[in-house]
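Every chain is named by a letter (A, B, C, D and E) in the order it is written, and numbering of its residues begins at 1.
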Amino acid sequence: APMVWSQESKNIVLRQFGTGVSNLNEVATKVKEDLGITLEMTALDSDAVTQRAATQPDSFDIADIEYWICKKVWPTGNLQAMDVSKIANYDKIVGIFKDGKLTPESEIAQGTAPHTVGFVEGQGSTAFADEQTNWMTLIPTIYNADTLGIRPDLIGRPISNWSELLNPEFKGKASLLDISSIGIMDMAMVCESMGEITYGDKGNMTREEIDATFAIFTEAKRAGQFRAFWKTFDESVNLMASGEVVIQSMWSPAITAVKTRGIPCVYQPLEEGYRSWGGGIGLSKSLTGMELDAAYEYINWYLSGWVGGFLMRQGYYSAVPETSKEFMSENEWGYWFEGKEATGEITSPFGDVLAQAGEVRDGGSFYDRMGSVACWNAVMDENQYMVRKWNEFIAS
Amino acid sequence: MERRSTGFWLLTIFFGLFLLFLYGPTITIGILSFQGPGGGLTFPMQGASLHWFRDLFREQAVGDIWGAFRRSFALGLMVMVTTVIVSVMGGLAFRKRFAGSGILFYLIIASLVIPSILVSLGVGLIFNQFGLRVHWASSGFGSQLTWTLPFGLLIMFAVFNRFDKSYEEAARDQGASAWQTIRFVVLPIIAPSLIGVGLFGFTLSYDEFARTLLTAGSYNTLPLEIYGMTTNVTTPVIYALGTLTTAFSLLIIGAFLLAAWAGAKRRARLGSDAGKGV
Amino acid sequence: MQILKNRHVAGWLQAAPLTLVLAAFLVLPIATIVTVSFWQATEFSIIPAFSLENYRFLFGSSVTGRVFLATFRYAFLTWALTLAIGFTVAYYLAFHVRSQSWQIALFLLCTIPFWTSNIIRMISWIPFLGRNGIANQMLISWGVVDEPVEWLLYSDFSVILAFVHLYTLFMVVPIFNTMMRIDRSLVEAAYDNGASGWQTLIHVILPLCKPGIMIGTIFVVTLVMGDFITVRFMSGSQRANVGRLISNDISLLQYPSAAATAVVLLCTVLLTIAILLRFVDIRKEL
Amino acid sequence: MRSGQDLELVHVTKRYGGTVAVRDVSHVFANGSYVCLLGPSGCGKSTTLRMIAGHESISEGSIVLDGHDVSRLEPARRGTAMMFQSYALFPHLSVRDNVAFSLRMKGVDKAARHRAADEMLELVDMTHLAERLPAQLSGGQQQRVALARALVTKPRVLLLDEPLSALDPFLRIRVRGELKRLQRELGITFIHVTHGQDEALALADEVVVMNDAVIEQAGTAREVFAAPRTEFVARFMGGHNVMDLDGTRFALRADDVRLDEAGLPAVVRGVEYQGAHVAVTAMAGAQEVLALVPEARFFENPKNPGDAVGLSWDASRLHRLTA
Amino acid sequence: MRSGQDLELVHVTKRYGGTVAVRDVSHVFANGSYVCLLGPSGCGKSTTLRMIAGHESISEGSIVLDGHDVSRLEPARRGTAMMFQSYALFPHLSVRDNVAFSLRMKGVDKAARHRAADEMLELVDMTHLAERLPAQLSGGQQQRVALARALVTKPRVLLLDEPLSALDPFLRIRVRGELKRLQRELGITFIHVTHGQDEALALADEVVVMNDAVIEQAGTAREVFAAPRTEFVARFMGGHNVMDLDGTRFALRADDVRLDEAGLPAVVRGVEYQGAHVAVTAMAGAQEVLALVPEARFFENPKNPGDAVGLSWDASRLHRLTA
């Protein structure tokens, strides 16, 4: 009976870990309030996340990871697939996570698109399914389209191509993120934009393509193009805010964070399109019984809108936008999702003012932004090789 | 007062500059931690307030500073106690040469010089290979010991090198058993050094990052949390934390000095004939 | 009972906890690292199959040599600077500060910053050295430079600065310790023999401080050679030393490759220390 | 005066690896006597004492006290107590607690052991400083506390390793009088190691001269000083000339040598004023002769280095040496 | 014998914060003499010596050598050299390099300074050990090296702070003979700090007794011993009785006291054998009297503690004290 159930769930503790992006204490507080489940949160950087998911299955119950990480981790068998029939809002999840298409006419971008690693054949399977099945690897939670961030005040001219990252004009003032799987995609966007390399599939490069990409960037690095590399959200914010860097690959809330300090910063939509990423939560293999039930309860709660609204108001997108709408004001929904002019002040869930009335979100509406994704964060077949080359690049 | 040489004054200036160099960042942190609510991690200051200290005591967006602090404190205490006990025992053992003591000594030196990340990596790998679960209180604890023990032992070696054996002989002569000799004579005499070893062990553990990195398991210790914060937090709350820990250590040192001073004062009341020819 | 009196048995009994800890958390892990360095890996798992591939890649890459060289360069420069600063500071405290309470007070003053987290102390250089940091603002306002000086941050300069800042105390303490044990009458004897302050320093104090210098050197060299975090933070990931190579590999789950690099680093460090230990009998000098 | 309660060393040998510190020493220490172990540095005095105390194991032989072989007993079970050269007072304990230490180890309750300790402190006249720490005492005071601590165990034999060497000469003379008085009052055996001849002569009922790991001579102070058996003893005790006359070696006390124009012609080499006496060193050919001349007589006719003098003595005062 | 080359202390005072270590001391040290500074612990001997050497600044007054005020000069410029109590040999330098150190500081080239060092080592008979490190030498050998090192600077005045205290008594007596001989050969002033009366008496041309930061008495050894000016000096030099007769204080030498049935009745309290003499302490009423009786005479009629004796002396031997 439900009564007993929620009584018992009060004593249940679930250990969740993930990147700082979505592993927020507000969520834990809210879930305790709504469901009585205690959620213990640990925030790590994405490499550490990968590592823990792959090597320490006992140290967590719920993994909040990105899809490309899932591609690496899933085959270890540390996670268990989820029964779609137990997910209440499954049908309302956006198409990107199901068949890969935002709208029926969308083209599927290169890289590890979420739907390619979103399903497996059966409950115990470690191989991904080509199409939707009843067994989902991760429940999508959060995603976004990334591009270059710039300081318009320090650059003073329009930027419209990825290739600007290596423009000697910004020598000593550019930055790149030091997470191989993401960085390589940014690099590829740049090289392609420069016209130096044409990739077969940026999400799955050949060794030659990898070598050529690194050659270009190593040369730029030695020439002093980069001020620093960043590995985490906050570093990118500080680099930008302190004026050390004027152009760099960046994440959306980082732009917001810079802006809240009163420093002009733009998430620049570029001609070549966005590099996109998505995250989801997965269940540890060791989760059973009452904890497993609680986890499902947690997931359903997650998709029921509060979290979505909470995340959307920071500039991310929710996997089930419809449910989130109820938790956002019209002004917010218009600004964040529909790309409309703000009718009043836009504030973050933490109370910071992010935009004034009349401002429009960089890049426009959800469909404008997610519709021009050029590639997804990816792990490629030559990942091992790429990683070593990346390591060399960083060390060179 | 006596006139001091120019060399003295030059050196005093040098020392002053050195202190400035040492404290510069601490002071920078100190100032920046009083940023106004809108302030960032860098200059210029955006107003002045205690906002970030208050913020420190509220729940953070991510992570769990106070949980991490509790864990680090507990771990520090565990490491401290273990280091003191094991170092004393080791120190006692090394007073006599025993078969294999040479090898053990080189092992201690090795433990001191091996880059910490290797220990972290190795312990992580072992736990991984044996299917054990890494946890700050097991693997983390062990890895930290490989760092604090050599220090503790080196201090104990130094202490016992200077320890006058005739104290022990006197105790034996007075009918103390081996255990009583240690309990009532050796330990009290070396107690000040033991406090030193303990404090040292605690500090080393409390601030240990590399060795805990791969061995802490699901829960962060404070340095890991701070490391996490440098990557997830964009506010001066991290500086507030730094300022607070510095103030905290100043307080502890002050308390120790005060206690030592009071003790000396109390003893001095009894007077002294030391050095007099009576 | 009698067997407990045997000094070998008693010694081992007392040393047992120590031995256990070192065996479990030092010997075994290092052995594992050596073993794993010959294994192979995929993205997420280690394959226990003997292979020299890791070493082949390591020695085959031109980056390796450069990184090792950089590691030595950092170690050497940091060593030279910490030695110069540490020796001077210790000398000042030991020989120019006369009252013991002042010595203790000033010495404590030097140690207090070490209770603040290393990481915090390190990153607090960033607002100081940055393009718009305090240092540059001062330099500009004094008219020393017109443009902000770029190499203050995210450069070898800032890396070494942070190293010196973090590790000078490791030089000060042992040198101060040996200096305090130098019989003051030796210094007076030198003056009596007509030596100037400088000559006394060079011909008497310096030679007698050798053990302290050696111990400090061992600390600093091993700390710098094993570091991976300072280089990353202070160079903005633009520079690398061996530690970073390893930590990059670790964070990319390339354990065997990390282990191979680790083995090479381990050998290098142990070799360096073995050479240093030739000059000093640590146990006697404590 | 040998009694069943004597302390006896029976063929005692101590080896440290290859070196022999004490070689096959046998000796009976009479009950209730003040014995001084005298000898040059490294001759094995401390080792002998420490073997008696039980702080050093015996390589061969045995130690018998009161008819019982105590060689294998623990230090505290032997009926001996030791006073250490540096006193070894426990620095963390007050004077009273230092003295009461052995009783505490036995489990005597606080009141009782403090009473006993205060009694001992009374004996050495240190009651007023009972609360102090050792570091707050002068050398002489520390020495007295160490004595009290050793005596509180009511030992049969008190062993003292150079108990006076840390004191300045003035104090040393005063304290040695106190030691002697205490020994007489308590009536127990004191075995006192020293390398000062004057100390040994002044204190000892029996002087035991050691050299090179063996006992060279033992006897009353007067026997040893007046009739040294060997050249070593004669030289070591000081105040003796060792002379080669017709191939035999004789000892001649320096105070038996007179400056006398008619005597053996010699040249003064050195003059040392010693208060009551003046020590004149003179060369008679290759033989160096020391004459201890009473001050008054010397200054009737003072000599300087380089002066010619005559030396004379009664042949009856020549004492033949055995080695 | 005062000459322009003497060393003179003129109203010298040394303060450490509130305590006065040396108070307004004036004294002339005659050129070429062997002076002993004698006194109890803490009386200011070392401080005086170190002020002369230049290792301690002077609070007030001045030090004049050879007619020049040297109080502000560096140690090495004063024409003095110091030999330290613990010798202070540089542990990292060989014996030869230790001795040659001052020449090296002056920039003398290697061959020349080694030659000079070897000459000095010859003087103290240490040439054969020139290559050794100090740690490989015995105490006596180290002492000689320290001496050579001090002398190599050709000082006018050699300052020695308890130079013999680290040696055992046997060696001490031998080495003090060598010191005296060396001083005489070199003809320079030696100022030797000691707290041993016998050492001072044996060595000194002039004994300077200090007490409580001031000079209590200065004079030849014989003057000081035979005619102590104050009670302190009498007691400190030893061998004296201090007596209160009709309200005036007199000193009486212990060797002037005879045991004599007819004399002042007294009770023996202690008997100390001293070789040539026996020291008998007796109580005449509340007055303790020490009698130094020649051995032969004592043993004609030996006394034990508790025996009744008579004490007598020539009234002419009573020496009146000024304080």
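By definition in this document, a residue touches a chain if its C-beta (ideal position, glycine included) is under 8 Å from a C-beta of that chain, and two chains touch if they have at least 3 such contacts.
Chain labels with UniProt names: B, C = ABC transporter permease; D, E = ABC transporter ATP-binding protein.
Model, not experiment: these values are computed from the prediction.
Engineer: Please report the minimal path length, in steps, between chain B and chain C on the chain touch graph.
Structural biologist: Contact-graph shortest path, chain B to chain C, evaluates to 1.
Engineer: Among all the other chains, which ones are in touch with both chain B and chain D?
Structural biologist: Touches both chain B and chain D: E.
Engineer: If I average the Cα coordinates per chain and compare with the overall Cα mean, which chain comes out closest?
Structural biologist: Per-chain C-alpha centroids ranked by distance to the global centroid put B first.
Engineer: Could you tell me between which two chains the number of C-beta pairs in contact is largest?
Structural biologist: Among the chain pairs, B-C has the highest number of C-beta contacts.
Engineer: With centres defined as the mean C-alpha position, give me the chain C-chain D separation in Å.
Structural biologist: Centres of chain C and chain D (C-alpha means) sit 55 Å apart.
Engineer: Need the CA-centroid distance for the pair chain A / chain C, whole Å please.
Structural biologist: 38
Engineer: Approximately how many whole Å separate the CA-defined centres of chain D and chain E?
Structural biologist: Here the centre of chain E sits 25 Å away from the centre of chain D.
Engineer: At which residue positions does chain E touch at least two other chains?
Structural biologist: Residues 40-41 of chain E each touch two or more of the other chains.
Engineer: Two-or-more-chain contact residues of chain C, please, as numbers and ranges.
Structural biologist: In chain C, residues 126-127, 130, 132-133, 250 touch at least two other chains, as defined above.
Engineer: So which bits of chain B are touching at least two other chains?
Structural biologist: Chain B, residues with two or more chain partners: 41-42, 128, 230, 275-277.
Engineer: Can you identify all of the chain pairs that touch?
Structural biologist: A-B, A-C, B-C, B-D, B-E, C-E, D-E
Engineer: Across the complex, what residues on chain C touch chain E?
Structural biologist: So the residues of chain C in touch with chain E come to 183, 185-186, 188-196, 199, 203-204, 207-208.
Engineer: Which residues of chain A touch chain B once you look at their complex with the stated criterion?
Structural biologist: Per the stated touch rule, the residues are 15, 17, 20, 23-26, 29, 40-45, 52, 55-56, 58-60, 231-235, 237-238, 241-242, 257, 260-262, 350.
Engineer: Flag every residue of chain D that touches chain B in the complex, lowest number first.
Structural biologist: Per the stated touch rule, the residues are 53-55, 74-76, 80-82, 84-86, 88-93, 101-102, 104-106, 129, 131-133, 135-141, 149-150, 153, 168, 170-171.
Engineer: Using the touch definition up top, name the residues of chain C that touch chain B in the complex.
Structural biologist: On the chain C side, the touching residues are 7-8, 10-19, 21-22, 24-30, 32-33, 36, 46, 85, 88-89, 91-93, 96, 106, 108-110, 112-128, 130, 132-134, 137, 165, 168, 197, 218, 222, 225-229, 233, 243, 246-247, 250, 255, 258-259, 262, 265-266, 269-270, 273, 277, 282-283, 286.
Engineer: Contact residues on chain B for chain E in the complex?
Structural biologist: Per the stated touch rule, the residues are 2, 275-277.
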